[in-house]
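Shared between the two complexes below is subunit A, which pairs with subunit B and subunit C, respectively.
Then we have the complex of A and B:
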């Protein structure tokens, strides 16, 4: 086995000399052409236009660039920067519409009551658990689906379409569908289980069964998104790699682990980041499936934010919760990105 | 000649337009609260008030969904909506947020004015001296029962919950239908479940709030839980009661799958419809009491408010005054069997001819109790519904739930 690997690697080196290497290995491929492609573009052109004119044009270009970027920048300022700053500011206020009092500054009081609020900790734990369970699950299921969809079928559209459908259904619908699937009287799941067990399972009577039902539904819904991203990645892997690996005697599994998986890494990174951020914000599916029940056992952080701001009209506390969700998302994403980029 | 006459006519019409300027009033209401019957009232108002057009804006089917929608619209100070139809549990919140226009000026002395309505609404709509909204129609929870099945087994209409459980068991055993539920009530984490918890609690003579202070009785709360979980354990109520929402109770009873149902008044009309499997087999009665307690119901009902951000407050007030009049209350009772807000109408021959059981409904709506009146009602409701749901699901012990409930209610009500 090490022999094979070194042969593959050795060939890699040999070929890169002939210019094919750039397309072959992932990381050098991404930095290679960018670094080399930049250089030849500038110097040959430089002498051709008159010097003075070029400088003028340069100045104009810079101004023009700023003018062209200004609307985007302003738009971002209005729709991203301002709301985020306002949210952080509100989180330091006592701002409850039902109190009848004007908003006033209370420092970190909202954060203190948050730390001692058991329902907040339940919601945070649930959110992190959903992320820990559904992201890897959706990745595995999505990878399997992508591999199937990438097989050389005669007619490809039925497979691709069936991949697109779960992705295209709105989250709230998926939650309602999931709710009916696991409903104890009329649900499909219990109907199937009837052949195996005599007593029916009441999924929504148990905290952890409800939780698992939600995780399954989220995995079903989101694995098609992962599959679409990975399918795009699979299609960029050149066939020669597989041919070369076959010539070297690599079997199906070897080809998968030594060619497919390494080449797919950038796509996996993208899919996982998107999946992680959306799973930290999980809202629609548990709301429509269980409304957080039984009790508070399936409440997520996003649901708890919604409850405090929209139902209870407690904007200060709701903002503090939202800031926590923001920080958690940032933290998890930063950690993951560092892990991914640290790998050679 | 003809041509110039026509031109003159068109010009005259154009000149007359500004004087007849149309004001459009947008009325927010639930799609489930008989908009087609409400439309008849709007038509009459439009006929009597030329220049005002009334457009219904239909919102979500449940009180919870409508409240969420209105909370976002009203906190944005949106002026689109002029008139709002509010659930009885909301006026206190609207008084605190200032989202409705106080109607004190248009009625003179509000306390005196409200005397013509059922007492529960006078209490709910007058908050800190502000007349927040005017009563639209009444509602309360009733006991629906299968008249045919009670007759078949020679059983009386139950007066207590334990009688109900016993009769349900007899009928379930006799019918030998595993699908037949003894009683259907609401246990999902929704507003109706708040009433589920409060019915036995109130029947023991306990209150949740008295003079603005929390008077939570742990013992009574435990007994209330025990009553419902006992019914589930005995097979009288379905094991999946924690999944049941209000309309599921209606559907189960309507398709003949339950002997008894605890439900709002809207069920009656639907049970008598041609699609119903229990048409002409249904009776309505007071809700049972706990042993040694008093029968008590949970009061519901809807209120008309004028948006504080409306640009047509004068016209909107006029419309709300009309919609809360005996004329409209009669129309809603006759055409949609929505309960009147005027006690006299329950004895009105025309109303009784259309909806005979209304005579029996008066004592129920007169004695039905109101859920706590507080601007932070949503927090109270959330606490009660989640804890009750957890106990009914069996995911939390009643003792735990009662402790949680008290701790959380104390944060809100003091």
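Then we have the complex of A and C:
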């Protein structure tokens, strides 16, 4: 608390009692004398209830901070820390709600069966492939979108809306829209391709074509998020830098590679890390587009976790799968935190 | 800034961005106006020949779309309010109070913002099942609050820091307590920030699919993204009806975005945002 404030603290008390008498009507009558307007009030009246209340609310910073942060950390404890501990514990249990047996400890058995489960490896490979394909693709597309959106047009809202609305609509909606776009008979993608090739493509009969359709859809949806993050970064680059570069004879490309890209690095890091983490959890779009088919060719790790947990009620195995996903994601998070703390 | 490239090229680039972003949604809208007969014509028609609203009637009739909408709205509003309240308290502590573990607290909050929600699926399912909370709003409100809490806290911290501290000091000299100053001075003055954080929290909740699908499977408790996947049968895809339902689901969020686009952009600038 600044010095002038503590100096005024005595008068402060009295004024609060008089000025807010109405608001504190629930308090005992000892506020009465002060409320009648004898100001400045004499210090001896100090131990009145308003003062005690003030002491609670005006407690020193450390105590107040603890009170204010308590709900956040309580929630994180109950909804994040405890569940993660329980998840790790459950992954060492045989805990199937359909078996009728009580949960019992089986050591690393779930992890052993996971390592020999071909569908787990398919799901893991698909998840990593989706990440490897869609993160760079969304980054490039998002960068292009952001550069255009950052141009000083007189009317900016149409371009902005075309970034914001795809960002805001649910992934599950986008999956359905993707399914309709790539539909083999009446889909608009095949209708456009009709002009360049004679036979229609039956996207969802082939594993890798389905996979590509999903990757394209994910790229479309997530490039809007990347673009918004990069647009925010672009807006922080001072115009003087561009002007100085122009004066030095730098052309458009030189300015882009020597000014824009280096200045944009922190935003790119943020966008890439968040995209990597969310793409490791890819669920909504494959579920709504292909339901994992044909066969298991578009099943992701998150879908496999959901299937084992919710459909098969095999909580032990589902937990082991989730622990693997958690570890992969933790690695990425650690990398991200180091990036963030390295920034000034 | 000097305008790069010729004007025609810039205008074309802007047009391409708009088509890329809005064509898929426009196409869904066109589909929702077509009859099933028109839809199964080859080559496909672009503009509907005989526009009809029947698909919208069917969208509300084939599935309890109004209930899904209501549930989504209820869950999103409750979790947004809860998130804002908790994030306001935390953000004030982080923005204004001298505390030694500020870096640690911020680090923990950022770490949670990168937390994979999927890993909470199993343990939260167990807990909600034990507590009998499956198929209630609480099963979704609590995780969604955690989902949005980091972003909202970061947005609010940056807005609170932009409020001159003198205003608070003046309020406290006038007899306001510190918490009173928070809710009477800081929060009203950072209303745009609070609103932005609220929008982000709302969109997060409105969009979530995995937990909504897993925890609330009863018809009366389903949210919109889950309910909207149920129009399709094993082999039947009533695309015009699905499209109509999608339009109904997109309009509320799109309206929010259209009205408050500037706030959303500033919010995305203020806090590294998850998408």
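The working rule: the second predicted complex is superposed on the first by the 271 of 344 C-alpha atoms of A that agree within 3 Å, B and C clash if a C-alpha of one lies under 4 Å from a C-alpha of the other, contacts with A are read in each partner's own complex, and residues count from 1 in each chain.
Note that a contact is a pair of C-beta atoms (placed from the backbone, for glycine too) under 8 Å apart; a residue touches a chain by one contact, two chains touch by 3 or more.
Remember, it's a predicted structure, so these values are computed and weren't measured experimentally.
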For this session: Would you check which partner chain A:262 touches, where first means subunit B only, second means subunit C only, and both and neither mean what they say?
Result: neither
Exercise. Counting only touches as set out at the top, which of subunit B and subunit C does A:170 meet: first, second, both, neither?
Worked result: second
For this session: Return first, second, both or neither, reflecting whether A:185 touches subunit B, subunit C, both chains, or no partner chain.
Result: both
Exercise. Which of the two partners, first being subunit B and second being subunit C, lies in contact with A:224: first, second, both, or neither?
Worked result: second
Exercise. By residue count, is subunit A touched more by subunit B or by subunit C?
Worked result: C
Exercise. Which residues of subunit A are in contact with subunit B in one complex and with subunit C in the other?
Worked result: 183, 185, 310
Problem set entry | subunit A contact footprint on subunit C (complex, rising order) | 1-5, 10, 13-14, 16-18, 20-22, 24-25, 27-28, 31, 39-40, 42-44, 85-87, 89-90, 92-94, 97-99, 105, 107-112, 114-127, 142-143, 145-146, 149, 153, 169, 172-180, 203, 206-210, 213-214, 224-226, 228-229, 237, 239, 242-243, 246, 249-250, 253-254, 256-258, 261, 264-265, 268-269, 272-275
Problem set entry | Contact set on subunit A toward subunit C in their complex | 2, 4-5, 8, 12-13, 15-17, 19-20, 53-54, 57-58, 61-62, 64-65, 68-69, 71-73, 75-76, 78-80, 82-84, 86-87, 90, 145, 148-149, 151-153, 157-173, 176-177, 179-181, 183, 185-186, 188, 191, 194, 220, 222, 224-226, 228-229, 231-232, 235-236, 239, 242-243, 246, 252, 255, 270, 273-275, 277-278, 280-281, 283-284, 287-288, 301-302, 305-306, 309-310, 315, 318-319, 322-323, 325-326, 329, 332-333, 336-337, 340-341
Seminar exercise, completed: In their shared complex, subunit A is touched by residues of subunit B numbered 67-68, 71-72, 75, 93, 96-98, 188-190, 238-240, 242-243, 375-376, 378-379, 382, 386-387, 389-390, 392-396, 401
Problem set entry | Sites on subunit A touched by subunit B in the complex | 97-100, 183-185, 202, 204-207, 291-297, 307, 310-313
